[in-house]
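I've put the structures underneath this note.
The same chain A turns up in both complexes below, where it pairs with chain B and then with chain C.
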Partner chain A sequence: MKLPSPTRVLLYIVLILIAFLIVLPFWAGITTSLKTSIDVIYTIPVEPPPSPTFGPWMDALEVMGRPLLNSLTFTIFATIFSCIIGSINGYALSKIRFKGSDIVFMFFSLGIFIPYQTVLIPLVLTMSKLGLYNTLGALVLAHTAYGIPICTLIFRNFYKEIPDSLVMAAKTDGAGTWKIYRSILLPLSAAAFVVAGVLQFTSIWDDFLFGLILARGSEALPASVALANLRGTTTANWNVQMAGALWFALPVVIVYLVLGKYLIKGYMAGAVKG
Partner chain B sequence: MVKVIIKNLTKKYGEVQAVKNLDLDIEDKEFFVLLGPSGCGKSTALLCIAGLLRPDRGEIWFDNKLVTNPQRDVYLPPQQREVAMVFQDYALYPHMTVSQNIAFPLEVRKTSKSEVVKRVKATAELLGISQLLDRKPKQLSGGQRQRVALGRAIIREPKIFLMDEPLANLDAKLRVYMRVELKKLHQKLGTTTVYVTHDQVEAMSLGDRVAVLKDGILQQVAAPTELYDAPKNTFVAGFIGSPPMNMLNGNLVEKDENLTIDLGVTTFELPHWMQEKVKEAKVSEVVLGFRPEHITLTGKYQVNTIEAKVEMCESIGREVHVHLTVGDNSIVAVTTPAEDVKVGKAAWMVLNEEKIHIFDGKTGGILA
Partner chain C sequence: MLKEGMIALLILLPSIALVGYFVYASIGWNVIVSLTDWNTLKPSYNIIGFSHYAEILQDSTFWISFQNNLLLILLFVPSSILLGLFLAILLDNKVKGEGVFRTIYLLPFSLSFVITASLWAWMYDPSVGVINTLLQGIGLGFLKSGWVTDSGIAMYCIILALVWQFSGYTMLIFLAGIRSIPESQVMAAEVDGAHGFGLYRRVIIPQLKSSTLATFVILMVFALKAFDFIYILTFGGPGYSTFVLPLDMFRETFTMNHFAYGAAIATVLFVVVMAIVVPYLYTSSRRREA
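Up next, the complex of A and B:
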């Protein structure tokens, strides 16, 4: 066997060090979440629990069970809606040439850069006018609207890579605008749906601000806000907080585990070569 | 089956005029070729016929049905034109199998399942791709993809076939083979076909008639042999034929009532049959054109020949290409040189006087 070169060895050492630093807080979270309240005080965070217990996990779930379901609901719906709308927009902007399509696209792109904070007041006012304030509907609508620009951008760029001749062929074959979308472009968009979907899922799931102002203290409370509420007012139940954080991280981790390999493929999917 | 009439077709992309005032009459059942270098507007014209592009001006008629006229706001979308198009990149739907690809135009038209199955089978047999029906386009070779694209075009029996450089992505051997297949297919089906190519050999071998375009302007429409034997201008003369027609610039001078071209290094007396015609044109600058195969080379001086220097002999197998220079001009002769013709030495070109052409030196138009 050939020995690796010294630069390789150095590289590995550096990489292992970085990986260690990244994993460390996660590790501390897991160990702490499995400790009793007493053990949390008597051990340092990275130490393994002397008497492991799932108690904190159950305690956290009691508080966060409903908010987790809430989050899951509006995240899934908003992800699906924004991806579908983004895909249709992307099709229109890349394959149907209409006057001013470039300007429309420019405005969509600008939408990506609008900070959440600037729209808070009009958002709350609009939602209460619509009678959606403090409901899951408000969160679905807000996150769908906010996700449309980035999804449009992803799908538009993806469809640009699909040769125009496919659309032209479908047209001469007799297919109309919707038929072309459903039969030709949509079936070719799996990679873009994975990329946009994962991006949307994680950013909507992680969002705190919209949840805080649109559904605070209500039945529709999102998990991100519930997690923040776990910290308590007088005491810090580190073990329960850590367990709550891990519950909160779980769906995103699952999404990455399931779709991760498609995600990398999606990022690399340039041309859809025949 | 249908006749295509194009009147005064004009299309601009920004400031660039892709097609200028194009007039074409494409006959029923004709195999019509649009030929020209890249950017000459041939694909633009084809896309206008397909309805995939809206021209700025002009009319397109299918028989006596007006399908395009921007001034009168007439525009029949491609879905309703009953044309089928074959693209250079084949444009096969990558997620569908061969049989789904071929069936797509029928599926769009909501044809019954049993009818679709029957026609896909018949089409596949016609094109010899029956064994490929369950494959995806990715698993096919270039030639096979080409056949599938053809299958998708012919299955619904369109009125017109439009083909945009369909053989350009194939390797040389396969291209020749598919060329023959295309011609056979056309003979069998008899569908009016408009075929775009930049390859003059393809155009000559396939076309009943060929339209030569340059910078969006129609240069000549004629049967292949006529294009070859009687080009209308220097562009067509230089574009058709391989190696192309030789051309030498010169000035007309009258000597003893006979017109002679002063080629700088030498002079050449015009044959009698063209004297009158050239005289009538009243021009001084002319271009003398002659095809490589209309040159005979000799090592000795003869009357009314052009002296040249032999640079190189290239044996292609069946024929010999002799590269010569006359002054600064390169000339190619396809001939078997006489034994006294030596590389690096002078030789005299005897031209077949029946076959030479004289063009106007300024406009490039044919004089005789």
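Up next, the complex of A and C:
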């Protein structure tokens, strides 16, 4: 499928041009975050800062520090819980034959697509009844519950690729349901845990809606909502706002650059349903 | 055999309970709320029937929102798909540094809408923002605009930014689709004289049907659910020009305390989304069995 040479030059020009357009907002954000408030007004945003300063980053951290820790806490817990639950469900749905397993799978799958607006009012009422409203617990519970469908899907599809003969052999050796999971499937699950884990980590970290309705203006404020508030209160201070956005982006960018291969698999799992 | 099935169900029971409660029971609860007169801070549960749904039909904000969701479906969805397909085809030409390009193109999709909306707020800022100062700098000052502060084009600005964020994702799906076509088929077509973009048009693109369908469904559902990005960039403004259904629902419910009315909007949104998702899940599960 090699194109002739002038076309190839054009190909690279187009690829680089598009890459440039994709990067532009990030570049403008980074340069702005390193400028003093005066330079923000008197320089063009894409210009490198004439006198670079980390001041805006420090100012943003003052507002975002606690929320960033909050986000890290509930994201880690909800990621771990939803992955463990997804793994166990995936096992039950792929390696144990029983009537209705397709129905249970469909029951979970539909949960991936629901517009969360439809459950917001019940969610707030439920969390209030449980005494979790405005706590990290509410966010852990909500993200775990709504993470179960996609995690179950990822692990089920992963375990389907593992030959049934392995399970059969263990069964004839007298291994029970739990033993088969512990000693055969779980040791083979590392890749699936990374895929589901990375997907859950980034999507829970990125979430705004649940944070907005469950922990707005509280000790449990997530970084996404804190960043939105920063935008609401300091519209003029673009440098602090950009620094805040970049603080919030940092963990996901690191995950993306180090484990991007697995994140891509997670995205595909949501798209090409098996 | 029966015993094993019981064990499986026992294993699944906690999740069935959680998903059953937080997804299915909550949807039902939301529908019930929509049938009550609960429109103040004080919860009141007198069932009054479908009058909120009748109100919706008369509500101009609802219809503006609905139109904007439609605009997203008609413009954002096909644009993202075409650009993604274009990028996938470009990258399928044994490009040097394909990984680098892919990483750059997909980066916006991995980030929170709160981040991308903040970045685009800076891009579109009319006074000192990126686009206007750049246009001024290269002598195209006459193209300067109010962007998201201009109600005539604000929605298109949002669409452009969302295409920017989603094209990497559609590229990813198409690239995987292209790569899954057996090499032998491509070679046979090349022997028959197909090459370059003719090869794509005649052989490769027709085989991307299932990738295209999946992408369409996922992006359409997103176009209906879009909330975070618009909430942060414009909060529906200027005026009501960028209102969408999820935002309308949020405002009615959480800023105006019209809980029952907000629930009714959410129910309508749910029905529209399910009208897209259920047939898709049904056909794709049937295709899997076939």
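We adopt the following convention: the second predicted complex is superposed on the first by the 252 of 274 C-alpha atoms of A that agree within 3 Å, B and C clash if a C-alpha of one lies under 4 Å from a C-alpha of the other, contacts with A are read in each partner's own complex, and residues count from 1 in each chain.
Criterion: a residue touches a chain if its C-beta (ideal position, glycine included) is under 8 Å from a C-beta of that chain, and two chains touch if they have at least 3 such contacts.
Predicted model, so just to flag it, every value in this text is computed and none were measured.
Q: Considering only touches as defined above, state whether A:P163 meets chain B (first), chain C (second), both or neither.
A: Once the two structures are laid over each other on A, A:P163 reaches chain B alone.
Q: Output check: A:T172 vs chain B and chain C. Expected answer is one of first, second, both, neither. What do you get?
A: In the superposed model, A:T172 contacts chain B only, not chain C.
Q: Now for A:P187: first (chain B), second (chain C), both, or neither, which partner does it touch?
A: Only chain B; A:P187 stays clear of chain C.
Q: Identify which of chain B and chain C touches the larger number of residues of chain A.
A: Ranking chain B and chain C by residues of chain A touched puts C first.
Q: Is A:I96 touching the first partner chain B, the second partner chain C, both, or neither of them?
A: second
Q: Between chain B (first) and chain C (second), which does A:V40 come into contact with in this model arrangement: first, second, both, or neither?
A: A:V40 contacts chain C only, not chain B.
Q: Scan A:Q117 for contacts with chain B and chain C and give back first, second, both or neither.
A: Second partner only.
Q: State whether A:P149 touches chain B only (first), chain C only (second), both chains, or neither.
A: After superposing on A, A:P149 lies in contact with chain C but is clear of chain B.
Q: Could you pull out which residues of chain A sit against chain B in one structure and against chain C in the other?
A: Residues 272-274, which sit in both footprints.
Q: Report the residues of chain A in contact with chain B in the complex, numbered from low to high.
A: Listed in rising order, the residues are 163, 165-166, 168-176, 179, 183-184, 187-188, 272-274.
Q: Hey, which residues of chain C end up touching chain A in the complex?
A: Result: residues 1, 4-5, 7-9, 11-12, 14-16, 18-23, 25-27, 29-30, 33, 87, 90-95, 101, 103-116, 118-123, 125, 128-130, 133-134, 137, 164, 168-169, 172-173, 176, 186, 190, 195-196, 199, 210-211, 214-215, 218, 221, 224-225, 227-228, 231-232, 245-246, 249-250, 253-254, 259, 262-263, 265-267, 269-270, 273-274, 277-278, 281, 284-285, 288 of chain C touch chain A.
Q: Which stretch or stretches of chain A touch chain C in the complex?
A: 1-3, 7-8, 11-12, 14-15, 18-19, 21-26, 28-29, 32, 40-41, 44-46, 85, 88-89, 91-93, 96-99, 101-102, 104, 106-111, 113-123, 125-126, 142, 144-146, 148-149, 152, 177, 202, 205-209, 212-213, 224, 227-228, 231, 238, 241-242, 244-245, 248-249, 252-253, 256-257, 260, 263-264, 267-268, 270-274
Q: Which part of chain B faces chain A closely enough to touch in the complex?
A: 47, 50-52, 77-79, 81, 83-85, 87-95, 104-105, 108-109, 137-138, 145, 152, 156, 162
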